[in-house]
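Pasting the structures here.
Across the two complexes that follow, subunit A remains constant while its partner is subunit B and subsequently subunit C.
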Partner chain A sequence: MASIGGIPSYILEFGDELVYFTPYTITLFLLALTFTVLVIISRPERQVDIAFGGDAYRAKEISLSEMRFRRFMAIACGLASMGAMVTGDIFNFTLFTAMVGITNVGIVAAVKSPHVQDAAYQYGLVALSATVPLFAGAAVYAAATGSLSMIELMKGTLPAVPLIAKAMLVIGVVGEGMAPFYAAKAEMFRAPGAPYVIMCSLSSLLIFLRVVEVVLLG
Partner chain B sequence: MWGNYSYGLLVIMIAAVIAFFALAREHDDLHKLLLIDLVEIISLGIIALLGTDLAEALILPGLTVGIAELLALSQIYCTKERIRAAPVKGLNIEVITKADAPLILSVFLVVYGMVLSGFTGGAVAGLGLVFLFISRSYREELNLLEMASGISWALWIFAFFVFMFLPEYWFIALMGAAIGILLKVTVKMSLVGTMWGENHG
Partner chain C sequence: MIIRKISHFLCNYENIMPLFAGACTLLFIAGFLFLPIQYTDNQLYPKTIDRNSSLDPYDRGGPPFTQVTIAAQYMENSPAAGLVTSYLTPFSLYLSRTTPHMGTTIVAHPGGIIDEILYNTRGLDTVVEATILFIAFAIASYIYRKV
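Now for the complex of A and B:
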């Protein structure tokens, strides 16, 4: 039962939807939880533009409703990340990952800047097409082993998971906002509002750290 | 099983390659969105290839997530291109109004839907109601339908709780869930069919 995450210390079985905590996942979960609480209680920054070559600067005006929407999306993103950290089901993991993708778009979509909206749209297209390898990976997991439960995969009694399933799962997660596709996301960071925008990067990082553990199972 | 499965997988992978190729060649943002919808269906196809109850249970959340992403992107597209909603008053579909035929067809669909029961039955019965609402020109009282949808959804969830905590009463839970989902899908589909394009609230 040993894996990269360590021995599960607590398994919550709820039908076939199970949740388990290992030292690895609980660390990631606490990180997501802390940051979500931080997003809930913190006041957003005001972006200041400094004119190049001079000492003039101006603060951007951001409406309250826009900030409210973005805070809501950042909290939803935090919840989805927490879910992805503790879930013990491959398909639930892919669903949470897809949800992180949508909420990442949502965090910046309310910004009234054409650059940011364009970037959010392009990133959304990449995230949406990434659901194909993501769900396909989960489906091949189920087809090859007959189970989607990570606890069952950990036991090592099931048939080996084909490499293609693992590869597709990783490509799917990468498409939701990691390295090569990150270019589409970079422009989104022109959006003002510090704690919310950082949620985009943090959630992608957490999801990637979790998928490393998932892929090494079974 | 694995042999048939891999053939199916091969076909769907070819479909995926074609869809992604089209996506790479397309430059118009709106067309890209439409193509993405096709790509999304491929991912559901891969899950459907499993051909088990589990696949059916996985398609529904997959579809929901796909639709949610599509709705979000369409909204961003509208904001990005500054597209405003044009007021639409009802659907201009030419169907003979106040005739008997739509009523008979609708009754047939609703009764057949009830016989089928469950999710599929709800969809069939809902289609019957949509057909009736479209072919009749008068306005329906939609609030009542919304309430019925909410209550039947609560019934469905309640039945699930009975399954989990009082498994010995499984039969009543099964009946509750079947009726709940039938009513909910029926009402929801008729609402979707009637409400779109109109301004409510």
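Now for the complex of A and C:
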């Protein structure tokens, strides 16, 4: 039993949902964990705007409550990313992906800037719509194979997963924050407050790396 | 030149939603072309629905204090699965005998029906679902209070 991510070295059992650690998933998990710890302990940046062609500059005022809320969302995003990295269940993976999408919206929706909030709203609509193909993909996985367990898919004893199910899963993940729908997120980066905004980017990257492994399973 | 035009189109974030909707439409059209999709009869958690039962849709049958067999993926991980709906508290039993829709209450009252699939075999899903709702509520309340 081996997947592209390697042989599971440890399996944690939550009823029918298994959490497993392969060299691939544990690497992604540790990356998400490290960045979440960084988010917890680091002090956020103060964004400075410099007037083009002159010496004028000004630092943006950011309230403490706003930063606290965004840190909370960034930590939640990190936890969701960690869950998505190690879960061994297709439906559970889609849930964690949806959670990453909504926490990304939360990270930037707290910013007091109409432009950023407009972008966050548009991205929120995409993330909301993306849950349709995401969960539909998981449903087709269940219907076609009779199982949602990635461990069972790894064994190769189940019927093959239809291509359309994989495509739905991928477009759902892409809608939760990948290019080309990333453009709305690029606008969000006008929001001050690294490392919180960087968590949006990192979580999307991690989810994408994981979905590549997931679609190659069955 | 084409890339520049695409980039110009994408730089307006109001175009992102229509683009995603278009991509989804194409995918679902492709999905129709892939029909029929194979269906495996050997599904997890099968059940027969008895619409006349007051515990519908959570009635999995079975006399009280007797465990009902549930086709779970890893049976050994859920030793308590199948025991939940076969046991009702006296209050729940009273409600099930006096109201026709006891099954819709789930956990809305003490001793209400707990869906064993959700709470025994797929408990982690329940935790994540509730967390998503909590996060959404936190965002909405923060924005509402700020405005």
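A few remarks follow.
Convention: the second predicted complex is superposed on the first by the 218 of 218 C-alpha atoms of A that agree within 3 Å, B and C clash if a C-alpha of one lies under 4 Å from a C-alpha of the other, contacts with A are read in each partner's own complex, and residues count from 1 in each chain.
Throughout what follows, contacts are C-beta pairs under 8 Å (C-beta built on N, C-alpha and C of every residue); 3 or more make two chains touch, one makes a residue touch a chain.
If you're wondering where the values come from, they're calculated on a predicted model, not measured in any experiment.
In the superposed model, A:Ile102 makes contact with both subunit B and subunit C. In the superposition on chain A, A:Pro159 contacts subunit C only, with no contact to subunit B. Touch criterion met: A:Ser149 reaches subunit C, while subunit B stays clear of it. When the two complexes are overlaid on their common chain A, residue A:Ile171 makes contact with subunit C while staying clear of subunit B.
In the superposition on chain A, A:Ile11 makes contact with neither subunit B nor subunit C. After overlaying the two complexes on the shared chain, residue contacts for A:Leu216 are found with neither subunit B nor subunit C.
Of the two partner chains, subunit C is the only one that A:Ala76 touches; subunit B does not reach it.
Of the two partners subunit B and subunit C, it is C that touches the larger number of subunit A residues.
By the touch criterion defined above, A:Asp118 reaches both subunit B and subunit C. Of the two partner chains, neither subunit B nor subunit C is touched by A:Ile50.
Subunit A uses residues 15, 91, 95, 98-99, 102, 105-106, 109, 118, 125, 129, 132, 140, 142-143, 148 to touch subunit B in one structure and subunit C in the other.
Subunit A meets subunit B in the complex at residues 15, 91, 95, 98-99, 101-102, 105-106, 109, 114, 117-118, 120-121, 124-125, 127-129, 131-132, 134-136, 138-140, 142-143, 148.
Taken together, the subunit A residues at the contact with subunit C in this complex read 13-19, 69, 72-73, 76, 80, 83, 87, 89, 91-92, 95-96, 98-99, 102-103, 105-106, 109-110, 112, 118-119, 122-123, 125-126, 129-130, 132-133, 140, 142-149, 152, 158-159, 162-165, 167-168, 171, 175, 180-181, 183-184, 187.
By the touch criterion given at the top, residues 2, 5, 9, 16, 20, 23, 29, 32-33, 36, 39-40, 42-44, 46-47, 49-50, 54-55, 58, 61-62, 65-66, 68-70, 72-73, 75-77, 79-80, 164 of subunit B touch subunit A in their complex. Contacts from subunit C toward subunit A in the complex involve residues 6, 10-11, 13-14, 16-17, 19-21, 23-24, 27-28, 30-31, 34, 37-44, 72-74, 77-78, 81, 120-125, 128-129, 131-132, 135-136, 138-139, 142-143, 146.
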